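Chain naming follows the written order as A, B, C and D, and within any one chain the residues start at number 1.
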Amino acid sequence: MRKRGLSFLAFLGTVAVVLAPAAARAADTVDIAVIVPLSGPNATVGEMIVNATKLAVEDINGAGGIKSLGGAKLNPIIADATNDPQGAVTTAERVLSQNKVAGAYGLALSPLTTAALPAFVKHHVPVVTSAISDKLVTPDNGGYLFQIAPKGTAFGNQQVEFLKFLNDKYKMGITKAAILYVNNPYGTATEKGIEQLAQKAGMEIVLDSAYPENITDASPLVSKIQRSGAQVLFPVSYITDASLILTGLRSADSHLLVIGGGAGFIWPPIGESLGDKVNGLISVASWNLDSKNVKDESKLSGVTQRYQKAYGTFMPEQAGEAYAGISVLAAAIEAAASDDPAKVRDALAKLHVTGGGGAMMQPGEVEFDENGANTHVVPVMIQWQNGVPHTVFPESVATAEIVKP
Amino acid sequence: MRRALVIFAAWMAAAAAGLLLKNDYFASVATAMAFLALWAQSWNLLCGLTGNISLGHSVFVAVAAYVTVILFQQAGVSPLLGGLLGILGSVVLASIVGAATLRLRGPYFTLATLSAAAVVLSLILHYSQLTGGPSGLAITFAQDSPFDLEFTNVRAYFLIATGLLAAVTLFLDFLKRSKLGFYIAAIKSSEEAAAAAGIRVALVKVIVFCLSAALTALGGVVYVFYIGFMDPNFLSGLTLSVEIALIAVVGGMDYLIGPIIGAIFYEAIDVAANATFGASGGWDVMLLGFAVVVMVMTEPRGLCELTIRLLRLIHRRPARFWS
Amino acid sequence: MTALLEIKGIAKSFGAVRSLVDITFSVEDHSIVGLIGPNGAGKSTLINILTGVYAPDGGNVQFAGRNLGRIATAERARLGLVRTFQRPTPILDLSCIEGVMVGGLARGLSVGKARNAALDILTSLGLREAADQSPRKLPTGHLKLLDFARVLMLAPRLVLLDELMAGLSFSELEVVLGAIERLADRGASFLVVEHLLDVIKRLSRRLVVMDAGIIVAAGEPTEVIRDPRVIEAYLGDEAGAVLVEAEPAPVSSPLALSSEELISTPFKSAGTGPMLEVNDLVTGYDGIEVLHGVDLIVKEGETVCILGANGAGKSTILRAVMRQLPCWRGRVSFLGEDITNVKAFAPAHVGIGYVPEGRGMLASLSVRENLEMGAHPGGARAAFARNLERVLSLFPALVSRLGDAAANLSGGQQQMLAIGRALMGSPKLVLLDEPSLGLAPQIVSHVYGALTELKSSGQAILLVEQTVGKALALSDRAYVVDGGKVVLTGPSDNVRSDKLLRDAYLGL
Amino acid sequence: MIIFLQSILNGLLIGGVYALVAMGLNLMFGVMKLVNFAHGEFLMAGMYVAVGLASLGTLPGAFGMFGIYWVAIPTMFVMAAVGLAFYLLLLDRAARFGESPQILLTIGLSIGAQGLAQVLRGSGFKLVPNPINGAAIRFGGLNLQLGPAIAFIVALAATIVMAWVLRATRFGKSARAVAESAETAEMLGIDARRVYIVSTSIAIGLVGLAAALLIPYQYTFPNVGQNFVVVAFLAIVIAGLGNVVGAVFGGLLMGVMQSLTASYFDLDLSTAAIYLLFLAVLLLRPQGLFTRGRRTL
């Protein structure tokens, strides 16, 4: 009996510890939750988002905060969604039940989003996310999820469109495609899109194979590709496997066309590690720092430069989406003229952003359909040129000429 | 009997606390805690007996959960029935793994369970049209439906989880003084002598393995509806297995309350870490890991042993009550 | 009618060591058969085969007209073929009575019935009041009684008692004997493995004697004991005859002599200054005290032997000196240096070589490497070549085997290697623990030949033996240990003719 | 055919690194009967050390593209020192605990170390740009990635040295004696504790070497250790727990199996296959495939 008492003490102790920070909260601020993976293999994603969030909040508050709330300042409450769904749920519950937040941004990964969503629905807090799974934007999501990034299948679509475009432009006559994807939600989602559309486009899929996360050696995959006789490779990979595949191909002296599936192929580390060998690499991206909508808007391009200055790398896609997402959220609060999350949700549903930070997302405007999908957004194709990814497709947002692969 | 009452009272207290607790966060922490304690308790039934560490127990959670959910979503079988089938599935798996590994000792056993889990994991990944592959399966529902284990109020899951925990603890307490309990004790102290006393050691071990798996699976069935989502790495990955083992051993494998203490300790550290460093990654993981290291270094036999030692320091009376 | 237990041509080897060569005998229904033999004769191996722990290499066992074949231990127990263990096996997490109940439960009794039955048995064994205690605190004797009680719960037809009586107090002994006799009257049979001959004489009409894996004699106890082959086997050699026939010789010896007295007593041996001194040594295994204050001394150039029955504590003395056991009380010093609490690897470095019981081979290392491992003590590295030459001339058999793994040596060669390895450290004193254990007679005499050579080269030796004759012949002085105490000491010749020695062995 | 040979080659190359990691694991198990679940995190730590050193600069042109490898030796020694601390701070005391607490201890350490790495160095992926990454030699249609090839050669050299140490040196023989029976070894005057200390340092030092060989072509990040150590575990069991030299063959075998299955089947099923083989070995031949009789280390 004594020991049980003891354990309850321990429990109460932690209660105290946790309630403490919740107590302090200035009156003229609007809290928003930023819940992203900050530990485990995907922590990098979280860090990019947090970096961008800081810039966005800086700008919004610098521009006088939420005017409709008497210039209340935006106050991001950053929390670690960890790397597993259980962690995401408890974190969401922690943040949502200990703070009165007007809205939330983050989660970023489909499993975390799927698991944590019910908590947001229960607390009636809208969450803007950069997770790309199509499954998220269905009537099941309770109407509290707003997906600012393009749908997973849209990426495949764009990659295939781009290939067609290349075929026409350079008469490459590419017909045999190989798909190589990491065996996780992100990989499988993207792969579906590529596979369906490639067939529609009359491509022959000569290789369509998954590989586990955390591989330490890609050379078997490379020999697989070579054996398949593919002319173009659509790899969907994170940073380590992306690098292994690229170096593997190079060391095998293979010159087939690679159209990367985002993530690993566009994050700063790949550029740093490959040096100038990275130039010419092509990939799809959910956002890029020199798309027309960013480049032509000095404010926004200024943001990308500040990011470069503050964090030492160019502004990656996750950061761009985050900046847009936070701004959109702010715009919704502004429109709702209230920090009541339910009202903010309704505002988000009606919202049509055409300027300000929200325009960071290509093509420069954001609108959500009844399932919370971003109706305007399309993925962009980038090509690494002198160490930085440049937007080369679609024409609507392209700012750089393609260097023939 | 007295113990049974205490356990029941403890459950009532916990349940009441859970219901009165205004704070959803602590409700969810407490629920997670209850599930972890339940699993650690079931884990300890096997590993407390053999003294070996299983790093594959999450697979029993996963099998039960997958069977239940797949039956539910694709054949509309109520989880109450599907759950039974799920548990059965776990038991079948356990009987195979158990029969194969019961000869193994120490690290051999640990590595065997670990890789058995890995096999199942990659099978779940492979048969994706059934299991949803790496993207896993989501259970979304809008309104209460008790017979489908669907409750919009998470407190319900807290009640069920703590209820199951209490029930399992009671069951194990009763088991201790049953025929099987005596056999387990005999085997624990010397397999040779146990056999010489006419105990079918191998059979008893397999039975215990299956029992342990069944109880673990029981938790898994409810848990998956609570969390509303499952994917292979999450449910049958190493992380959960390790959590279960850590909690049981840190709590104290020789004590009925050990796993519960362990779960409280584990979640408490997590809560504290998140409260202090929640906004920056790494800290929580680091603190959890090193807390375990410190714990083992100070008292390898777990928190219960430590508590008892402290109590002895305070006043002579040895607290054997929960042993 | 056919016998209850029929053992036909059982053979069993472990690696190079042939533990059982060819064992054939039977136990009639309603009978008590005694089984004796020196350490390493293969008695325990035989029991493990009868209970299905080991599978025999050859031969078969019939129980109640049924071939046991590969039937598992538990099933055999349920058939009524049960055993006790040399070392007590209490169930630590259960109370005494629960531990006993287990036997009944396995037999199919309900928990309630089993409890009553267990209570009766405990009462009959005089353990009534211990029933609800934890066995952790009980003395060895009680624990052994508990084991006995547990097998009784199985309603056995044949009980294999593996040195159940060793370590029991006189009163406990009476209780057990009583119980055995009562059970025998109710029709149970027993195979009693013991060193206490008088116990066997009292219980059994039939005695089987084993040595080095074969049966050397069988028949009516009193006759068998007089059989010279038995004396040879059981007590070593002709000298043993003295033991059985000896008239009480006039040697007055207080039960435990203090070391001072020992030194002061004049000896014909070449001993000068004291080398190894053990004062009032108390130690034991997991909480159970085995040595109750032993005094012992070895002087330079002396050969001393420690005699005593199995379980008397002979090896324990050596293990304590080598720091493989912690000393609970007392003091061990070597050449005036206190080594009571030094690290486990230190004794070798101060100059004590050790040949452990069972030879302690490093089986995976080659013979040469084993010898090199012996040469760790500082000075020995320099003297390596000389020592190696000495060892190889002492045991020429090893020369051709230097490259082979120790595992592949024969038992005799392993024993030689063990001795040689100890000598490689150029020790000032060599401790030998039963060098004759499990070896064929001619090998034993070969080993002793080598020891005699060593002795004549002035090497100090402390020898633990069971085979009295050769040990006494070799040594200058002898200690007789019984029940963890030195009961007799003096020049070997006097000891040989002392009745106390005989008591220590045959427990008459 | 050429593809087949290429797969074998790839397998052997990556297997070299597995071998280095596995060797250390088995040395520790053989001598101390301790399975070090934190071994991967020592690799991770080693890689951070190596990256740190490499970012200080690489050797001048004379060494051509191999300038980055100067970090190998320092990293090895730094990690050996870490191993020493590991023993003195934790294992020395934990040696008295049972197996279960030891397993738990190393698991806890593994988790904690991953957290610590992120707290100290962030979660980013680090790879010092260097000419080795992606460079390759080609012959007869086969191509040989330079980074893995160098790792393989060094690993082989290290193996030969280790084999020699264990067979020929005084320490090696003592280690084998302790591995077989610490009690017997001590009664012969061998200081078992010293053997433990040295073995731990060597084991962790080897991991350090492996780390230095990896950084030219593998990213460094907090969880990187897991990717390698899991395979190393499979390797040591297949080779036989405690069999140091066998572990090398285990590592190479794992590499080849991975490579073959990966180039001819779907990877997720091949994982299942590999683990099944692992289980089979564990159950049918617990002493491992490359261990004859009762040999130790």
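To be clear about the criterion, contacts are C-beta pairs under 8 Å (C-beta built on N, C-alpha and C of every residue); 3 or more make two chains touch, one makes a residue touch a chain.
Please read all numbers here as calculations on a predicted model, not as lab measurements.
*Asks:* Which chain pair is joined by more contacting C-beta pairs, B-D or B-C?
*Replies:* Answer to which pair has more contacts is B-D.
*Asks:* I'd like to verify one number: the distance from the centre of subunit B to the centre of subunit C, where each centre is the average of its C-alpha atoms, in whole angstrom.
*Replies:* About 47 Å separates the centre of subunit B from that of subunit C.
*Asks:* Taking each chain's centre as the mean of its CA atoms, how far is subunit A from subunit C in angstrom?
*Replies:* 75
*Asks:* Taking the mean of the C-alpha atoms as each chain's centre, how many Å separate subunit B from subunit D?
*Replies:* 33
*Asks:* When the centre of a chain is set as the mean of its C-alpha atoms, what distance in Å lies between subunit A and subunit B?
*Replies:* Those two chain centres are 35 Å apart.
*Asks:* Multi-chain contacts only, two chains or more: what residues does subunit D have there?
*Replies:* Residues 115, 118, 123, 222, 266, 268, 271 of subunit D each touch two or more of the other chains.
*Asks:* Two or more other chains in contact with one residue: find those residues in subunit B.
*Replies:* 125, 280-282, 284-285
*Asks:* Check the chains against each other and report every pair that touches.
*Replies:* Every touching chain pair, ordered by label, is A-B, A-D, B-C, B-D, C-D.
*Asks:* Report the residues of subunit C in contact with subunit B in the complex, numbered from low to high.
*Replies:* Touching subunit B from subunit C are residues 51, 53, 72-75, 77-78, 82-83, 85, 89-94, 98-99, 101-103, 105-107, 111, 147, 150-151, 153-154.
*Asks:* Over in the complex, which subunit D residues touch subunit B? Could you list them?
*Replies:* Against subunit B, the touching part of subunit D is residues 29, 33, 35, 90, 93-94, 97-101, 103-105, 107-119, 123, 222, 233-234, 237, 241, 266, 268-269, 271-272, 275-276, 278-279, 282-283, 286.
*Asks:* In their complex, what parts of subunit D are in touch with subunit C?
*Replies:* Going by the criterion above, the answer is residues 170, 173-174, 176-177, 180-181, 183-192, 293-296.
*Asks:* In their complex, what parts of subunit A are in touch with subunit D?
*Replies:* 38-41, 43-44, 46-47, 183, 209-212, 214-217, 219-221, 223-224, 226-227, 239-240, 243-244, 246-248, 250-253, 267, 269, 272-275, 277
*Asks:* List the residues on subunit C that touch subunit D in their complex, please.
*Replies:* Residues 322, 324, 343-349, 354, 356, 360-365, 369, 372-374, 376-377, 405, 407, 421, 425.
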